[in-house]
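The letters A, B, C, D and E name the chains in turn, as written, and every chain counts its residues from 1.
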Amino acid sequence: MVDFIEPALFAILTIAIVAAGAGVVLANRITTSALLMAFTFLNIAGMFVLLGAETIAMFQVLIYVGAITVLILYGVMFTPQSPRAYGLFFQTQKYWAALFVVPIAIFVALVAFSFRDSATLGAKGGDLLPLATSVFRDFAFPFEVASVLLLAAMVGAIVLVKRDED
Amino acid sequence: MTAFLDTLIPVLPEVLVTITACVVLVADGLLPRGQSRGVLPAMTVVGLALAFLGGPLAPPSGQYFGGFVQIDTFTTFFRAVFIVLAVFATLVAPSYLDRRGIPPGEYYATICFSTVGAMTIALSTDLITLFVGLELMTIPIYVLAGMQRRDRFANEAALKYFLLGAFSSALLVYGFAWLYGVTGSTRYIDVATELQRIGLANGPTIVALALVTVGLGFKAAVVPFHQWTPDAYDGAPTPATAFMSVGPKAAAFAAILRVLVSGLAPLQVDWSTVFAVLAAVTMTGGNIVALAQTNTKRMLAYSSIAHTGYILAAVAASAAGPSATAAVLFYVFAYGVMNLGAFACLLYFDIEGSRGATLEELNGFARRQPLGAFAFAIFLFSLTGIPPTVGFVAKFLVIQPVLDAGYAWLAVFIALNAVLAAFYYLRVVVHMYMYDPDTGAPIVASTRLLSTALGLSALATIVLGVLPNSLYAWALQAANPLLR
Amino acid sequence: MAVPLGAFIAVSAVLFFIGTAGVLVRRNAVVILMSVELMLNATNLALVAFSRRYSSIDERGSVFVVFVFVVAAAEVAVGLAIVLSAYRNRPTVDVDEIRQLKG
Amino acid sequence: MIQNVWLIPAFPLAAFLIDGLFGRRWLHRWTGIIASSAVGLSAIVAIGVFLEVLGGQTRTTVNLYEWIGVGDFHSRVAALVDPLSSVMLLVVTVVSFLIFVYSNGYMEHDHGFHRFFTWLSLFVFAMLILVMADNYLLMFVGWEGVGLCSYLLIGFWFERPEPYVAAKKAFVMNRIGDWGYTIGMITTFLVFGSMQFTDVFEHVGIATQANLTLICVAFFFGATGKSAQLPLYSWLPDAMEGPTPVSALIHAATMVTAGVYLVARSMPLFAAAGPSLAVVGVVGAITAIFAATIALVQFDIKRVMAYSTVSQLGYMFLALGVGAPVAAIFHLATHAFFKALLFLGSGSVIHGLGGEQDMRKMGGLRRKLPVTYWTMLLAGGALAALPPLAGFWSKDEIVAAAFLGGYPVLWAVGILTAVLTAFYVTRAMWLTFHGEPRDHHLYDHAHESPAVMTLPLAALAVGTVVLGVAIGFPPETGFIHRFLGPVAQVEGIAEHAPEAATILVLAAISVAAGVLGILVGLSMYVRHRPDPAAVSRAAGPLYRVLVNKYFIDELYDRRIVEAFRAAFGAMWAFDVHVIDGLANRLGWLAATGGSSLRRAQTGIVGNYALTIVAGLLVILVVYGGYASGLFTR
Amino acid sequence: MTIDHILTLLLAVPAIGLLPLYVFRNDPRSVKQVAVVTTLFELLLSLVMLAQFHVGDAGFQLIEQADWLPSLGIRYLVGVDGISVLLVPMTTLLTFISVLYSSGGAIKDRIASFMAAFLILEIGMVGVFVSLDLFLFYVMFELMLVPMYLIIGIWGGPRRIYSTLKFVIFTLAGSLLMLVAIVAVWLASGDEGARTLSLPELLASRGRFSADFQFWVFLAFGLAFAIKLPMVPFHTWLPDAHVEAPTAGSIILAGVLLKAGGYGFLRFALPLFPVGTQLWLPVIIVLSVVAILYGAAVSTVQKDLKKLVAYSSVAHMGFVTLGIFVLNAQGGVGAVLQMLNHGFVTGALFLFVGIQYERTHRRLIADLGGLANRWPLYTTFFGIFVLASLGLPGLNGFVGEFLVLLGTFKFSGVPLGGLFWGPVAALGVILAAVYLLWMFQRVMYGPVREAYRALPDLSPIEVVCAVPLVVLTVLLGVFPQQAIAIIEPSLQQVLRLATDPGFQVAIK
């Protein structure tokens, strides 16, 4: 019985992720896309939980579903577009794109199944502490670099959007 | 506190560059508009110079930060390359920024941030650091490209560069994820050990290798992942173009060397042929399209793609041992000096509303600005690969491992491509020296700082061409750590 | 009956290439940005899943995810800034219309 | 004296340098005197040398220095003084001296006076080198040198087109011959390991028949160029565009005989190479009669002489061909005198008429130019081979040699040619000096030349008369045979010892032929005084063929030259359009490739991303192929 | 007088001259003086060098060396032997004459740059002839390229840009392939750490070059040299370059630059790759003979004076390759002499065409005529060079051509044999007379044209330029043995290396 829940959850999440992801790409309203994106993120957080990575799932909710989605919604609001036909949302090369992407996707997805280990084996719960230890002690250097990255991004974002003084 | 500082000693140059960026930002905020003009670049250069000098203070080689920082000759070499390029990009910029209303503090700071990112790549020991460093190097460049906010070309350049850059980053990091999945580690050494065991012949490794190839190829502007290059270079403000044509490229090759040559070394037989073909396609593609350009800036952009091809040839030849890596390093350095110089020469032709310079605008340049034209000519000859310039030595050094690795056809390709390239490089010289100036020729915008910078790099181009030994010896030394 | 690791990876692959398709087919720069975010999320899924393979979640895989978060945030911030600054000069985010640089 | 033989060319060389360097600015009229006295000094030395050779010094080599020596090839600048060369030295210097003196008068009013003597001196120098050389290579220096001077002097009056066109024609035709000479010379070296006459002739035996034939035919081809034989004769008549002393010196007395000298010099080779001598004889004979027929109908007095020279040179080759080199050289010497005299005489006439050369405008001039007339009459007689003039002895010697050598056909040709010769001489003399003046204006202004010109005429006339003595009787034991005998004493040539009666009969036939020719001529011109037009009508197509010189010039100058020019033009077109076109096409291809690839750069982000994905697909396929063994690396 | 380090000094003097040139760049008079004095000094120095040369030794002399790229075994290694020792003074003389002539008023615009280009060019040219390290040689080989590119492109005629680009592209195409070959030679020269590019060491280790390797490497070297020479069918850059180049540029181009090709064959290609030589020899010999005839044939139909002389160069350089590849002493010495002679004579021809052009501003033969009348001095000089060019015995042109022909007749290693190719090549000599005399008569002879009546004869400077060339033309024609004595030992040495029986076996 317990064995059955995991696959079921996985199936539900999978369907949600794929459907919502496809929706992001196909939706004709941008706000719809954004919301579907947030929904995808949420489902991925679920996947994380399923994989036993609750901390990551929490971050996922915070950063993606929270911050990034909001940022993007702001972006959408600041760049209003006049309504246009649905077809014009897509580029002319869509068939070409399908031609190239689909085989790659199928190939990669098939290859993915060569990993046969059980995904939930040996799952540890409550992994915030070890993760924090890793990030702040073992990965101190990349973390510092990442902080510089955020600083640089901040400066960049400001310089690009601030109004001219004169 | 001292202990904390002690831990920073190995990465002192990176820290200093970061501090420089912050200081410049603060100073920009504090100083009144008029004063900051001369002070900011001076501060930047001083900071970078300190970082340059700070390098030797660091303990010579070893791993720090729990094995996340690798200080060796390779690192030192690239640190020097990046700092030199940043200094140069700083020196040529001031008057242009002034004319175009680009905020100087942010410009210099962004250059510094990007430099830190590039330096991080050079000292990384695992894919995570590499990825973060790569992003730290690239994201400021997106900003740099779009910093001239009022300019539609700059907007477009930034947008395209950003979208494609983010896209390719995603490809790259997905490749890293698969690599991790295959090997269970992100450290180059462990990755290599594991790959040694399993080889290429399984699906996940293929996927990982392909994605990594594409991702890194994009950063280095390898055909067919190159198409962002001309548009981004073309639209970006010229000093930024000068920097982004060399800094990120050098960093990309640092990354390629770190990831492919050391991390993926076990698969070398597999990727090297692919890279050889990519190199041939890249140099030919870049050169042929450059041939059809009439805008010098765009032409130089395509030419930079071609040069990627030459460097990539040496990467593909890494079976030849340290000489291949040394050739990459030497070429990267040489390319940095001469290409930055060439783009910076375009600053002379800068007038409102024009991007770069059409060939016609260059007419008679030699009469109006003899030394500037002379410097430009030297860069162009060097890019062509005519002795006694550093570009020639670089080509010579590249051909050598390529032949050694058995890619004779690729060596012939390099030679023929150089001929092709000569045509469009020399056409620029033709316009500068052999046509008389048109009467509506743009105003020459020369400043002492720009001229000094150009003079120095022109001198370096020649001196390193005549006496390349110390640089090559250094490059050889720097190549050693990769090959254990 | 445990879900095999491959299934998670496969989901991540499908999502990744949905994102890829989004980049390829959409004209709106913001949607393209969203598609890139989908790709990054797919990466995260793969990373976490892979980290299971090595019987631990505190090591590299998860940490990598954290850094991808950071990068994604930075990218979105800068990206939106770029889109906005372009939009100010010319009110469009249609990448097919932003093509003055070519050839 | 022989050791100082180098003085002979040294004098003209010095004159050349002095005149050439200082003539234009400072020396002016002195150039003539300097040059003449230099050649005079040479003549004196030459006489000394000749006497010494006569005294028994039959073969001396005087070495100056090594000219070119590489590996096993060595050639030196050295003189070979033997009877043959000493005779030639003598003839060349003496005749030259006389012509130099004459030229002082003839060229007096020409503004290129100094230039004339400069080049003339150079010519003599080159001719002397040719004659004295002890090896084929040095001889070639003189050989080409005289060709050059001939070029310069034919084109002396370069402001008019005809002279320089003729000059170039002469040089180029000589060059064509020189091609043969070069082949002969180098092959000689390959076969014998040396180019020195003495080395080569001593080892004739080591050469195969084929080699020898190749060498001889090649040399003879060279000789036909220089000595105006078929097929390379046609430059000589055109060369008459040069000043008349030049025609006399170069195109009658000296340079054109170089070919004869070459073959005579190489007699040991020719004699050993069976068929080649026959070639020489036949070509000589054909040229002799061929040129004589053309001479029949020429109106330009110098052209008559020119064709006559070609014809007489043919005689000399005929002599060589039938194995009578002595006769050839003897004829060469006598011809040098009488033909020079004829030319100088013509020059005197032309000078007297203010430049007119057309015999149709002359007539009756014997009263106005008596010295010229009488001297030319003697020379004409010699040309017509009337005894006891020198020409008779030498020509008779040749035709007799042909008969005795067993070549009756060649003999018959020789006799027939003699008839024709006598006819055209008579015709020319008559048209010029006899009858009524046909152009009274010219006639009235005609005047005898000054002494500086007539004295050389007289001197030459003396030679023309007395040189025949050298033959002695019977010829085989005469002076010339004794002296030049060694030249002929080579394997393969039998000395004939015919009976005196035979000789006398042959001589009689010769004389008869000459007389017949004169009589026919006189009968045609004295009695009928035919109108040229009428003659042409009467003679019909044959006459047209002759007047047009068998259309050979037509063939050479138009057809062949045009064909070559067209071919070369086509080659140039090939160069421009195909070779260069290919290079340009490559460039065009690259540029076009660039422009079309440029179009792939659409400016649309999506397209770029698509390219990236396409690249990813390809790379996946390649790696997959590697992994599955589908592709090999 | 013995001067140490004279070869380095020869390379340094023009470079030193650049400095005052830069200082006085705005004063044309001083610029001219500096350039003339520098090149004159260089000329004298090269004569001293010639005097220091020990005639009769086959090996390299006056050697100097220093480390350059020690990690690659690349050295600065210079020296001369009999083959190169004469080419150096030829170079310095022609440079001096070019500079002197140009300072006489032929160049008015940007004179300082012009002179600087010449000085740099001189370094490259001298360097090519004294380099004994392939890397150094290549650097010098290319160093000649850039100044000439500028000289043609800036101071040239109306189509200068097409021509100069063509010149550069052609030359680069060959030389870059040679660069690949040089690297290949380096790799093959020894095991890692013991590799070298210096000629003496390469000669010692050439046994390592397999037949297959030699085939390809010789092809690459050959292509570079063939383009430089130029050999048919790689010659089409030459007429264009010559037509557009300023006079001094043409002199140097024809006089010196082309020689780098022939010299390269002798110095590097033959001794290093005996098997490659054997394999390619028939092709080169046939192409040489074709060049002789084809160049001459095309010359005859040229309308432009400079083009005519340019095509004649193609024919004359055909003799050079022919002489080199018949692999015997006569041919080889003839080829070297032909290089020298062609340098002096064709250089002089271009000088005179230039002098004429400067006065009449016409280069089409049809537009000229009657100049002999007005210009006796000019006519005399020009005539002498024309005659030397058509190979008149007694002048220098003959000696080289004759020796080459002799060598060709002797050579039997080609299909049909030397007795076929020799006479065929000799036909070119006839054609030379045709086109040169025809040109001479059309330009110099005939009635003088009204427009040219007032034009002056040679100026003193021009006479000074011409006299040394005339003297050499005559001296080398009358007393060539002195030169031969210098050349022959070294040439025999090269031939010994090229025909080493140890390498013949490699060919089947």
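Just so it is clear, a contact is a pair of C-beta atoms (placed from the backbone, for glycine too) under 8 Å apart; a residue touches a chain by one contact, two chains touch by 3 or more.
Everything quoted here is computed from the prediction, not taken from an experiment.
A.B. asks: Both subunit C and subunit D are touched by which chains?
C.D. replies: For subunit C paired with subunit D, the chains in contact with each are A, B, in label order.
A.B. asks: Chains in contact with subunit A and with subunit B: which ones?
C.D. replies: C, D
A.B. asks: Which chain has its C-alpha centroid farthest away from the centroid of subunit D?
C.D. replies: A
A.B. asks: Central chain, going by Cα centroids?
C.D. replies: Closest to the centre of all protein C-alpha atoms: chain E.
A.B. asks: CA centre of subunit A versus CA centre of subunit C: separation in Å?
C.D. replies: Roughly 6 Å separates the two chain centres.
A.B. asks: Whole-Å distance, subunit D centre to subunit E centre, using C-alpha means?
C.D. replies: 37
A.B. asks: Taking the mean of the CA coordinates per chain, how far is subunit A from subunit E in Å?
C.D. replies: 70
A.B. asks: What is the distance, in whole Å, between the centres of subunit B and subunit C, each centre taken as the mean of its C-alpha atoms?
C.D. replies: Distance between chain centres: 26 Å.
A.B. asks: Note the residues in subunit A that touch 2 or more other chains, in rising order.
C.D. replies: Answer for subunit A, listing residues that touch two or more other chains: 91, 93, 97, 100-101, 104, 107-108, 110, 112, 114-115, 138-139, 142, 146, 149, 152-153, 156-158, 160.
A.B. asks: Provide the list of subunit D residues touching at least two other chains, using ranges where the numbers run on.
C.D. replies: Only 587, 598, 601, 603-607, 609-610, 613-614, 616, 620, 624 qualify.
A.B. asks: Give me the residues of subunit C that touch two or more other chains.
C.D. replies: Within subunit C, the residues that touch at least two other chains are 9, 16, 19-20, 23-27, 29, 32-33, 49-51, 53, 63, 67, 70-71, 74-75, 78, 81-83, 85, 95-96, 98-103.
A.B. asks: Every touching chain pair, please?
C.D. replies: Here the touching pairs of chains are A-B, A-C, A-D, B-C, B-D, B-E, C-D, D-E.
A.B. asks: In their shared complex, at which residues does subunit B touch subunit A?
C.D. replies: Touching subunit A from subunit B are residues 11, 18, 21-22, 25, 64-66, 68-69, 101, 103, 106, 109-110, 113-114, 116-117, 120, 128-129, 132-133, 135-136, 139-140, 142-143, 146-147, 149, 158, 181, 202-204, 206-207.
A.B. asks: Touching residues of subunit E toward subunit D in the complex: what are they?
C.D. replies: Contacts found on subunit E: 166, 169-170, 232-233, 235-237, 294, 297-298, 300-302, 328-330, 333-334, 370, 372-373, 376, 380, 387, 392-394, 398-399, 402-403, 405-406, 409-410, 419, 422-423, 426-427, 429-430, 433-434, 437-438, 441, 444-448, 478-481, 484, 488, 492.
A.B. asks: Show which residues of subunit A lie in contact with subunit D when the two form their complex.
C.D. replies: 91, 93, 96-97, 100-101, 103-104, 107
A.B. asks: Give every residue of subunit B touching subunit D within the complex, in rising order.
C.D. replies: Touch list, subunit B to subunit D: 159-160, 163-164, 167-168, 171, 200-202, 205-207, 209-211, 213-214, 217-218, 224-225, 227-228, 230-231, 269-270, 273-274, 285, 288-293, 420, 423.
A.B. asks: Please output the residues of subunit D touching subunit E within their complex, sorted ascending.
C.D. replies: Touching subunit E from subunit D are residues 20, 24, 65-73, 137, 140-141, 143-145, 148, 151, 155, 158-161, 164-165, 167-168, 171-172, 175-176, 178-179, 182-183, 186-187, 189-190, 564-565, 567-569, 571-572, 575, 579-580, 583, 587.
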